[in-house]
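Shared between the two complexes below is chain A, which has chain B as its partner in the first and chain C in the second.
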Partner chain A sequence: MNIGKFILLRTLKFAILLFAVVLFSFILVSFSPVDPIQSYLGAEMMVVSEEQKEQLAEYFGVDESKTQQFLNWLNMFLHGDLGTSLLYRQEVLSIIQERFLASFMLMAISWIISGIFGYALGVIAGMNEGSWMDRAIKSYCFILASTPAFWIGILLLIVFSMWLGLFPIGLGTPIGMLSDEVTWLDQIKHMVLPALTLSIIGVSNITLHTRQKVMDVFNTEFIRFARAKGEEGFRLFARHGLRNTLFPAISVHFASFGELFGGAILAEQVFSYPGLGQAIVQAGMNSDVPLLLGIVVFSTLFVFIGNLLADLLYYLIDVRMKNGEAI
Partner chain B sequence: MKNHSITIGLGNTVHRKRVLMKLTVTALLFLIIAFSGFLIGDEQIEANMSEKNLSPSVEHLFGTDWLGRDMFYRTFLGLHLSLQVGLLAATISTLIALIFSLLSSINKFFDAIVTGLIDLFLSIPHLVALILIAFVLGGGVKGVVVGIALTHWPSLTRVLRAELMQIKSAEYVQISKKLGKSRMWIIRRHFLPQLIPQLFVGFILLFPHAILHESAVTFLGFGLSPEQPAIGIILSESMKYLTTGMWWLVLFPGLSLISMVAMFDVLGNNLRKLLNPN
Partner chain C sequence: MKVNNRFLLMSVLIFACFLLVACTSQASDSETGKKKDSLVLAIGSEPTDGFDPTTGWGRYGSPLFQSTLLTLDRNFNVQPDLAVDYSVSEDGLEWTVKIRDDVKFSDGEPLTIEDVIFTFETAKNSQSVVDLQNLKKIEKLDAQTVKFVLERPQSTFLYTLTMLGIVPKHAYSENYRENPIGSGPYKLVQWDKGQQLIVEENPYYYGKKSPFKKLTFLFLSQDAAFLAAKAGQVDIVSVPPNLAKESISGMKLIALDSVDNRGIMLPFVKPGYDAEKGIEIGHEVTSDLAIRKALNIGIDRDKLVEDVLEGFGTPAFSVADKLPWWNEETVFEDGDIEAAEQILMDAGWRKNVDGIFEKDGEKASFTLVYPASDQTRQSLAIAFKQMAKEIGIEVNTEGKSWSEIEEVMHSTPVVMGWGSHDPIEIYHLYHSKYRGQGYSNANYYSNKKVDQYMDQAIHAITPEEANEYWKKAQWDGETGFSALGDAPWVWLVNLQHLYVVNEHLNIGEQKIQPHGHGWPITEFIADWTWEE
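Let's look at the complex of A and B:
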């Protein structure tokens, strides 16, 4: 099987999966007690006449059957139209684009930082199996796995913003500033703490995985042989351990996009960071169904891309191993 | 039956003693939290304006909040609530996993449906699915419990499904089939006894995830109502009072939650080690 076929098959499977997600979310939402006209009009419900409400109902297709509604929505969806957000009065797609850019920067930075630190910690722990360093790193990871991301965020806020006064308390940009006045420095300043929160949380998984891998590799014959030759420490690892552990670690890290997205929702909420995570919370709070559905679909796509990259990496390693090439 | 399955493969008595010690300690702590919730009445967390904004002291171990409510008792009640929600959600999730794994053992067709459903539920980030479900059900305990129950079964189902595949091909099952035993008989006599250890461990390991997700959804405002002293509520309320410098509103409830979640993690992992030492 060549790589093109591999991607094609996965994409096809994803298309079916996406359809299932869309159908599932739509069925769920159609059970919700939210009246679309009321949530569209909001406080103006009192002012608008019955006649206008009926016109709206007709325009939205409220009285049509559920199946027809779903087909309408699917048709729009296939044409790349996710509808209009009731909350922001803007195309859902353009909100997602705009918001995702902010979230993407946040997630990308934390993903890279947690990847590097997590891998390094895993290597240190794995190479010193059973030592106090290994035990400390392991306990750190286990405790981290039991820690809510938002709690870490609040603690960071208290320490760095309240006590030390180093960073702003929230919002992606300073209050009362026009968007084109905001400098890069401002944006970065507002991103440090949410990114730190996500990085701290993201370390646990990759560290434990790498630790296990490194331990496995260091119990093999070729490492014993290399040791017998007098190699040791970092040199030993760089020459014999790096190749065997780096790619699986990156692969595992790609597969964690779902948790990354969940963490981003919480971090954005704590720091009032204007990303996709904050948008989905707002959409849920204000019964903005089109935006909510749009973000659900988008997050599925995001997780899929992560998993595809993870599988692709494994696939590449596998093929090369079969052909006897060096990685 | 229970004792029999738990003692399988335990050669090392020192190791066993240590694990059993850990199990006893965690079980005790669990019982303390479970029962203390019933003992704490409304008078302990009553607002008391003469004692508001107090930092931690011997009298108020975790301090008091802006209404003079004792944070130690509120935190304990919060843990108690988390435990209740976690218990309910983990039970339903385990049942779903059991039913789906048994379904997938019937034939290829059902197996394809179950694996498809697993893929479907793993493809949406948990928190996103939880928000969607909580939104549809209008929040509250119901939304959280249903949301967690519906999102947490896939991993356990996978484990049980793999286990069943192995058991299914065992000779004694084949013989029972040839002898004309009904499917229910085989499930009851062959499948369930073998699955019980895995089910038990899976159930306990579901707890930490369930509790963490409950607090996250509640923190975001889709979960338990603000009148209840859930940890998520306590922490989201404390955000409003950050500028007053009351760090104890954040630190102790969070640490307590982490301890409880870690406790279940240790319990589950130790049980798993007892059951499959490799």
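Let's look at the complex of A and C:
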């Protein structure tokens, strides 16, 4: 199987996936109990005349059938237009652009940190199976895996921002400072707690996975043979375990883009960090269909690219796959 | 174990980096000695659709960046702002407004009559919360005067003139919402979306200058805003009631009265079917005047404020308490269970063995619906249920989503909340011509006399004259839509809006706050002072 065919197949798969995800999201939003006009007007409902409400119904597109609304959107999308957000009164694409950059930095940093730490912890635990270290790391991961990101976020805020005063409380930039005065140091300072929150959460998945892999590898014949030769500790792992466990770990980590995205949304809410998270929450709560579907398309693409990269990496690195043995 | 050492070393290094980053710029945060001329506020949510008045920005209080033709002072008297004078024709259809000739936008360009016309035309076509459907056309009379021609007389058009900030024709584009230029007290310097808004004083502003040259509005989540206040980083923060009792050193709690009210809408007519609209309407029990009156007089509103709102509220007797068009006579002594029972006895209701009133085999019982997403309304519903039981009226409570509520609200009592600075709200809530039109008059209230008063209020030329008729519609001594008359609603409480403010900051007197939270308090920012 050559790489061209591989990519073609993947693209086709993506198109189908995208359509399914978008359709499903639209159906979900259609069943949402939120009436966009009611949610937009709130208590102003009584001040606005019926004629104006008809105008609003037209604006929000609720005077058309659900099927028609979806077809309209689809038609627009196929012409490369994501439409205009009803709430922000701004092009969906430009909202995504300006917000994704902030989210992306945050996600990239925490993805790398959690990858390094997660893998290291997994190796330590796996190599010392059953020891106190293994048990400690394992319980740490289980606790984290069941801890919501926003809770950790608030905890970090209370400890590091309120008690110790080391880091700012939320936001991505210093309070009241103009953008040309903001230094990269300021920006990093504002990113530390949200990134830490995401990393702490992201670690558990990869640690547990790596631990399992390392344990599997260490129970094989060739490790026993290597041990018999007198190899041990890091040397043993570096020679016989690293390659066997690193690739699965990388692939799992790439595949975790989805969770990363979800975690970022929660962390951004807590830290008022200016990412896509805020936008998607607003869109969902107020039935802003174009914005919601726009972000859904985008996040699907994002997660898909994560998975694709994982597969490609396998394909490029693992000789067996190039020969078409294991696809 | 070489790997562990190296790993340890690396983690220590990374952590050290974090600390270094954290500490280096910490020192610059504290600056003292200078006269305080900037404020940090965490008071409201970010307006998602930006700062364009033609799509609804600044409808309450000051639009901050723009200014309006007229304003309402603290007592809701109309005052000129951009306008020097206005007049209304005898038939109430033509509104002539003359504007100042010395006003400049924050970019230095003069504000002309063309800008006023442009603003109203843009707003009319905006498909937003700004409702100018009744505006037929706008005529320019001379360089300083404009005439608004209405389709139908509407005395409340006055309030539109106080709410719509004027935008510059020459600087209006698709991006205006992000780069507002106006003639208001402040100009936008930087908007970090989702984070903060930085504004500075507008050097061309013609009105009273605020002592604060720079304001920073933070858009933080409620928890983060409160933490920021605790860390001493903000000067004023809005807080929910559950956090209000927690004290922060150096800060004081301010509770502002509002017309942000909550009440129960009772179906007014006998059960039936509105064939024209295709909806089930009315309720057997609540269509009885005695039931509605008994509930109104038997409910203890002070206790509701104490128990449900933790004291942060005031009892409500109408949709517009303390506003100029509110009839003060509609306040009465409540929490009187004996009087409530007497009203029911006189109307032929008798208590059964369970202590619930009955009449002709019909039990005094109904289901009260509240929006399940709103905790305050749920608590009010439950407290109401207990109080009603003491009178001898059985209430069952049920939480529903808004779309479910829309289906049953014409035939089932619902916990609602309104409260506007525009009396058109009263018109939509109580006029019989709006029966069953969406949320307007959803309980099918009708009273010919009340309709007549309200039509007169709409046709009035001056606000004083209009207010007289609004008051009469509530209670004219014989009839009205208040609890003294037909009592189609049981108004319960007005919420207070809570802010935690730096001890040194004096924000002075405020208006009765509207339903919206946050931005309205910036209206009188020119009068705020910093006292060391």
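The working rule: the second predicted complex is superposed on the first by the 267 of 327 C-alpha atoms of A that agree within 3 Å, B and C clash if a C-alpha of one lies under 4 Å from a C-alpha of the other, contacts with A are read in each partner's own complex, and residues count from 1 in each chain.
In this text, a residue touches a chain if its C-beta (ideal position, glycine included) is under 8 Å from a C-beta of that chain, and two chains touch if they have at least 3 such contacts.
What you are looking at is a predicted structure, and each value in this text was computed from that prediction instead of being measured.
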item	value
Contacts of A:278 with chain B and chain C, given as first, second, both or neither	second
First (chain B), second (chain C), both or neither touched by A:292	first
Which superposed partner A:270 touches (first chain B, second chain C, both, neither)	both
Which of chain B and chain C A:262 touches, first, second, both or neither	first
Most chain A residues touched (candidates chain B, chain C)	C
Which superposed partner A:303 touches (first chain B, second chain C, both, neither)	first
Partner chain in contact with A:198 - chain B first, chain C second, else both or neither	neither
Partner chain in contact with A:252 - chain B first, chain C second, else both or neither	neither
Touching partner for A:88 - first (chain B), second (chain C), both, neither	second
First, second, both or neither for A:109, with chain B first and chain C second	neither
Common interface positions of chain A, toward chain B and toward chain C	33, 154, 157-158, 162, 169, 269-270
Complex interface listing, chain C residues touching chain A	1-4, 7, 11, 18-19, 21-26, 38, 40, 48-50, 52, 55, 59, 127-129, 131, 133-134, 177, 189-190, 192-196, 198, 214, 216, 218-221, 223-224, 227-228, 230-231, 233, 260, 401-404, 406, 417-420, 422, 424-425, 428-429, 434, 437-440, 515-516
Chain A to chain C touching residues, read off their complex	33-35, 38-53, 55-56, 58-59, 87-90, 98-99, 117, 120, 123-124, 154, 157-158, 160-162, 165-167, 169-173, 175-176, 178-179, 183, 185-186, 188-189, 192, 233-234, 237-238, 269-275, 278-279, 282
Chain B to chain A touching residues, read off their complex	116, 119-120, 122-129, 131-138, 208, 212, 215-216, 219-222, 235, 238-239, 242-243, 245, 247, 250-251, 254, 257-258, 261-262, 265
Chain B-touching residues of chain A, taken from the complex the two chains share	17, 20-21, 24-25, 28-29, 31-33, 142-143, 145-151, 154-155, 157-158, 162, 169, 257-259, 261-262, 265-266, 269-270, 280-281, 284-285, 287, 292, 295-296, 299-300, 302-304
